[in-house]
Amino acid sequence: MNISDRLAELGITLPQAMAPVANYLPVSIANNMVTVSGQLPAISGKVAVTGKLGASVSLEEGQHAARLCLINVLSQLQAALPSGLESITKVVRLGGFIACTPEFTQHAVVMNGASDLMVAVFGEIGRHARSTVGVPSLPLDAAVEVEGQFYIG
Amino acid sequence: MNISDRLAELGITLPQAMAPVANYLPVSIANNMVTVSGQLPAISGKVAVTGKLGASVSLEEGQHAARLCLINVLSQLQAALPSGLESITKVVRLGGFIACTPEFTQHAVVMNGASDLMVAVFGEIGRHARSTVGVPSLPLDAAVEVEGQFYIG
Amino acid sequence: MNISDRLAELGITLPQAMAPVANYLPVSIANNMVTVSGQLPAISGKVAVTGKLGASVSLEEGQHAARLCLINVLSQLQAALPSGLESITKVVRLGGFIACTPEFTQHAVVMNGASDLMVAVFGEIGRHARSTVGVPSLPLDAAVEVEGQFYIG
């Protein structure tokens, strides 16, 4: 099954790729390594999940935010790569930044919203290394930010 | 001297590699670049140093935590690479995340607990680039998290 | 126009590369990928912009700090690469860490101080992927830390 079919089966329609909010690229390619800039949980250019885990944002809302970030990562790849998501031969790494209180401890549970979708979309090659950490705040008060690294060789 | 001898000389026995706490891989390889997921200061699957630098965790305890993270990075590599740690030709980068108060300023001193051990184990090829930053909290209340990038080409 | 001319035109004289504050390398190279360790907004070895965005550090001071970090990234590359900055064929990624309060939301505006200078110096190959996040504190109370990845193949 190809990636488009997998996405359809999951009920996911990739949105149009968002323009970066400043003077940088959403996707950068060198030596067959593809780096995707940190993506926010935005829908139609507006951050949809704001606030902090451990305060106004629930675990479920946090997971939803991580999933939205991942969908934006995928839409950036779809727009930037010659054969879109089919170009990817390995998902290398995800970095997850969780806006949260100093008392919060369930960062990994939140980030699963992104990792689980990645594996659902890509199968075995979607299994990736990952680092997840808390942050006091993110651009535009986003609750989660996700960056990614992929291989197309 | 090979890496096993070096570890023995340092009195370090690598623990069994911990399973990731969620749906991701501890080690990911693409294009001879090896990415190790963020590791916590865990012993036998339990985080051994919790809390924050600048509050309940002392500088010495923080350094010990960074060293424990690095030992877990090494045990993941030992388990994942065909010839274990001997496969590595260059330690590329360490990323250090230090759970701390907003007033804390000695992040670099804490992270030396990881960097010094890396150089002790690998010698010249163990010298690496590094970024060290503070975070308000980490998964499972860990005091430190360390991620790594290595080359096996 | 070469990079030296571009720097001269921008009125920038690269300072001598700072020694790392601990047991690691400022620049690490593997497989033609160049990783630059997190750089602080230091002048002559002393951090010039301390404190936090959203508190004692203004947006303009934060942008100035990001620009100083980038100048230190460039001076590390100039010192480490065989043909200095002319060796670089692609700026791959910048990572920006902004010391700030939990209420701060304009991380991207601060980080533009680094990204805008990068594009001014390198032109089209200077356009890069980027992740920008808040942190509660940085080494030596720096207001900003910037790390980078470059390609020389």
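For the reader, a short list of remarks on this structure follows.
A, B and C are the chain letters, set down in written order, and residue numbers restart from 1 in every chain.
Keep in mind that, in the parts below, contacts are C-beta pairs under 8 Å (C-beta built on N, C-alpha and C of every residue); 3 or more make two chains touch, one makes a residue touch a chain.
None of these values were measured; they are calculated from a predicted model.
The touch graph of the protein chains shown is complete. Although subunit A and subunit B share one sequence, what matters here is the overlap of their interface residues, and that overlap falls short of half of the numbers used. Computed from the mean C-alpha positions, the centre of subunit A lies at a distance of 24 Å from the centre of subunit B.
Multi-chain contact residues of subunit A (touching two or more other chains) are listed as 31, 33, 102, 135-136. The residues of subunit C lying in touch with subunit B in their complex are 20-28, 30-31, 33, 35-38, 52, 95, 97, 99, 102, 135-141, 145, 147.
Within the complex, the subunit B residues that touch subunit C are 31-33, 89-94, 100-109, 111-112, 115-116, 119, 127-136, 149, 151, 153.
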